[in-house]
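Please find the structures below.
Note that subunit A is present in both complexes that follow, paired respectively with subunit B and with subunit C.
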Partner chain A sequence: MALGAVAAVTAPLWVANPYHLHVLIMAGIFTILALSLNLLLGYTGQLSLGHAAFFGIGAYTSALLALRLEWSFWLALPAAALASGLAGWAIGRLALKLRGAYFVLVTISFAGVISLVSINWMDLTNGPLGLPGVPPPALGPWTLRTKNAYWYLVLAGAALTYLVCHRLVTSRIGRALVALRENEPLAESVGIDGTRYLVLAAVVSAALAGLAGSLYAHYTRFVSPEVFLFSYTVTMVIMVIAGGQGTLAGPVVGALLFTVLPEALREAVAWQWQMLAYGVVLVLFVFFLPRGIVPTLAAWRRR
Partner chain B sequence: MLRLEGLRAGYGPIEALRGLDLEVQQGELVCLLGANGAGKSSTLRTISGLLRPRAGRIVFDGAEIQGRDPSDVLRAGIAHCPEGRRVFPYLTVRENLAMGAYVRRDGAAIAADLERVYAHFPILADRRRQAAGTLSGGEQQMLAIGRALMARPRLILFDEPSLGLAPTVVETTFEIIADIRRDGTTVLMVEQNARLALRMADRGYVMESGRIVLSGAARNLLADDHVRAAYLGG
Partner chain C sequence: MEQLLQHLVNGLVLGGTYALLGIGLTLIFGLMSVVNFAHGEFYTLGAYAAFAALAWAGLPFVAALLAAIAAGALLGALCERALLRPLRGHSIDTIMLVMIGVWIAMQNAELLAWGGVARSIPHPFPTAPLTLGPLNIAPLRLFVVLTAAALIGLAWLLIQKTRLGTAMRATFQDRDTAALMGVPIGRIHTITFAFGSALAAAAGALLGPVFLAYPSMGDLASLKAFSVVILGGLGNLAGATLGGLLLGVAEELGAGYVSSGYRDAVGFVAIILVLLFRPAGLFARAERIG
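Coming up: the complex of A and B.
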């Protein structure tokens, strides 16, 4: 844990290749997304298969506020989290009364609808052409243009997300979420209002995904409807499940591994074999570590 | 202590309770009998606020509590042991007990109550760090009862406490329930095992299609021809 923190803080010193640093920055953004999805999937047992929508809403909100209204990044970032959080609230209120498969369907449809809006509302989003020229964050006289500087920004965002998740799951609310996941009728009988807590988890989860979206927009400096791709959501789900859902370290490990792995494969094997190798690794994980990396390691250590 | 007047409730188009009247006096052990689907569980769910009544009143200690949230009803002093899976399987015994005090904020008193439950059920104290799912059926039932006590209720609603338990464990469970009543907690119990329940209870009610069709002292019900034929196997 401490070793990981030191490695993360000193990363720009030992990662000389800017491309590798780029991969790390993306890993940081995906860490936020995986932690955010884990709040729902790991702690409430509800699968959001439209999580890319909250990511994309955050990215578009931040980019539009910066481009059209010339808001500073430092205002656009919380606004992006707020916008995504509001969307999370609406979806949660709609779908969490019934939950389970119904929640999955509503989140998928929501992501589909939002994606169509981003493609077709030309006046606002510039459609499939996307929004180029999103300004990098400015901090007093400096702009965070370099990858080194941005790495620290993303690291701070990931650390903040981790703290928020930690605070939430170790609180009364976290215990209520776990109780609801384990046995909902029983949880309600001890006075836990299921829908209320699940909606709260959805709001926090969506807001954190929005935060990741904002960080992404000001890093790549370009936002297009691609941010709503279903494959982003699938990647997040893989990270959470392979890392270990319902733990805090799991999504972090999963995000690092499954951002770095495809890139490492790109360098190691020919492109035809890349996705195949990725698939094989994934299947091996499901077979040998069905509970995820972190819970399995924790169990080994206890033995 | 508890009085239900003309209670109606249901799920969508299905009416589970169709004008239910029932009363429980302070210190009593009352059992509610009836066939599957008669509305017994729905009665308990409506009292504890999990099911909203469509009409009628629920009076507890002189205050109307119908339509209140489950957490409010619990704070007013009514705990509910629902049927089905009785514990949170992946939480430890201690965490399960702590969940029973979820609506309470008085930390010191909660800790004292936890010790009281451990003193009452030493087996739970031995297993406090174990996941509840690893306990035997009887131990899980003790845990469920201990959890209900953690809310400091004055009335406990038990839904099918004997369901799925071995015969010896059923007897122990009923002894525990009798103990709880002796300690001053009032009990309203839904039970399939009518003979055992009536032997222990002060009074009983018989439900059919969402209404009370018969009520009286437990020993009179045990001797009643209709009850004998329908619920005691002749």
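Coming up: the complex of A and C.
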């Protein structure tokens, strides 16, 4: 844990290749996304298959505020989290009464509608052409244009996300969520208002995904309807399931593994093989390692 | 008025194939409690099987359709035996994750096998439309809607009038009691999944020549199948048929009168609205099959 933190903080010193640093930055952004998805999938048992929608709403909100209204990044970032959080609240209020497969379907449908809006609402989003020229964040007299600087920004975002998740799941709220996941009628019988807690989890989860979206938009400096791609959601799901749902270290390990590994194998295999492998990996994990890497390792070490 | 009629006819053509997709999905969910996110991939499989049979093997159209149905049934049975049978008794969410894995794997296998370029599927029908009074309909589309209707009729006969159908309905009503009465649940599950997948493949083989075949075509097909099932109520065969026709017509009207860019949003919005206001489906009083 401490070793990992030291390695992360000193990363620009030992990662000389800018491309490798880029991979690390993407891993940081995906860490935020995986942690946010895990809050729902791992702690409430509700799978959001439209999580890319919250990511995309954050990216578009931040980019549009910065481009059209010339907001500073430091205002656009919380605004992006707020916009995604609001969307999460709406979806949670509407769909968490139903749960399970129905929640999955509503989140997919929501992502589908939002993606179509981003393609068709030319005036706002510039359609499939996307929004180029999103400005990099400015910090006092500096502009965070270099990969080194951006790495620290993403690292701070990931650390903040981790702290928020940690604070939430170790609080009364977190215990209520786990109680609801394990046995909802029993939890309700001791006075836990199921829907209220699930909506809260959905709001925080969506807001964190929006934060990741904003960081992504100001890093790549370009936002297009591709941010809503289903493959982003799939990648997040793989990270959470493989790393270990319902743990905090699991999604971090999963995010690192599934950004670094594909990049390392990029030379050897085509992108389609990677997605094909993701499907197979998901099936294999459910069959042979259903708890994920981190809980399995922890149990193995205890023995 | 004529325009409206034309939209209705086009909507029914689409709706017939949506109904096929929906019936397959609703059977699989109703009997097996499997939320089959890979359903659309069997639709894609059907379209590409038809393409291979028509363009490469030069088979007649009906034979290509049968080849697609056979491919869907075979792969469906394989999928059930290899992945779903070992997981029987696991939670619905676990099985859902596996089906999401199958979805991603199948889609990208299709992408690798066929490449990302959309393919137009050749068909033997004349392209000049038939004119019936004020209405125009392409012979291919007429064939599609008639075949879809025939397949829906066959599915209904199978479930209502045969011994196998009786066993399927018994499994749907109460799996444990059916097993006690000597219904081989394992075999019924395999047959159901193969049958549902075959219907999806048939829908792909029918609509593929109307539009184009491309590897990610199954995504929308899956979602449309889900919206049909949700419109019609889970496990409700007549509901799925009506839901399919309704979705087809609603899409045509939406594309014709609102905006063609939002055509595919109709299904999404239908899912959201129905789940919010009538989660048991538009036509359902209680969940049932048949």
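Assume the second predicted complex is superposed on the first by the 281 of 303 C-alpha atoms of A that agree within 3 Å, B and C clash if a C-alpha of one lies under 4 Å from a C-alpha of the other, contacts with A are read in each partner's own complex, and residues count from 1 in each chain.
What we mean here is this: a contact is a pair of C-beta atoms (placed from the backbone, for glycine too) under 8 Å apart; a residue touches a chain by one contact, two chains touch by 3 or more.
Keep in mind that this is a model prediction, so the values were computed, not measured.
In the superposition on chain A, A:Val280 makes contact with subunit C only, not with subunit B. Set against each other, subunit B and subunit C touch different numbers of residues in subunit A, with C touching more. In the superposition on chain A, A:Tyr162 makes contact with neither subunit B nor subunit C.
Contact with neither subunit B nor subunit C is seen for A:Phe222 once the two complexes are overlaid on the shared chain. In the superposed pair of complexes, A:Val104 makes contact with subunit C only, with no contact to subunit B.
By the document's definition of touching, of the two partners only subunit B reaches A:Ala179; subunit C does not. Look at A:Tyr152: by the touch rule set out above, it reaches neither subunit B nor subunit C. In the superposition on chain A, A:Gly45 makes contact with subunit C only, while subunit B stays out of contact range.
The contact sets of subunit A with subunit B and with subunit C never meet. Here subunit C touches subunit A in the complex through residues 35, 83, 86-87, 92-94, 96-98, 100-109, 111-112, 219, 223, 226-227, 230, 259, 261-262, 264-265, 267-269, 271-272, 275-276, 279, going by the rule given at the top. Contacts from subunit A toward subunit C in the complex involve residues 45, 47, 49, 94-95, 98, 100-102, 104-106, 108-110, 112-113, 116, 119-120, 230, 234, 237, 241, 270, 272-273, 275-276, 278-283, 286-287, 290.
Subunit A contributes residues 172, 175-176, 178-179, 182-183, 185-193 to its touches with subunit B in the complex. Interface of subunit B with subunit A (complex): residues 48, 50, 69-71, 74-75, 80-82, 84-91, 95, 98-100, 102-103, 147, 151.
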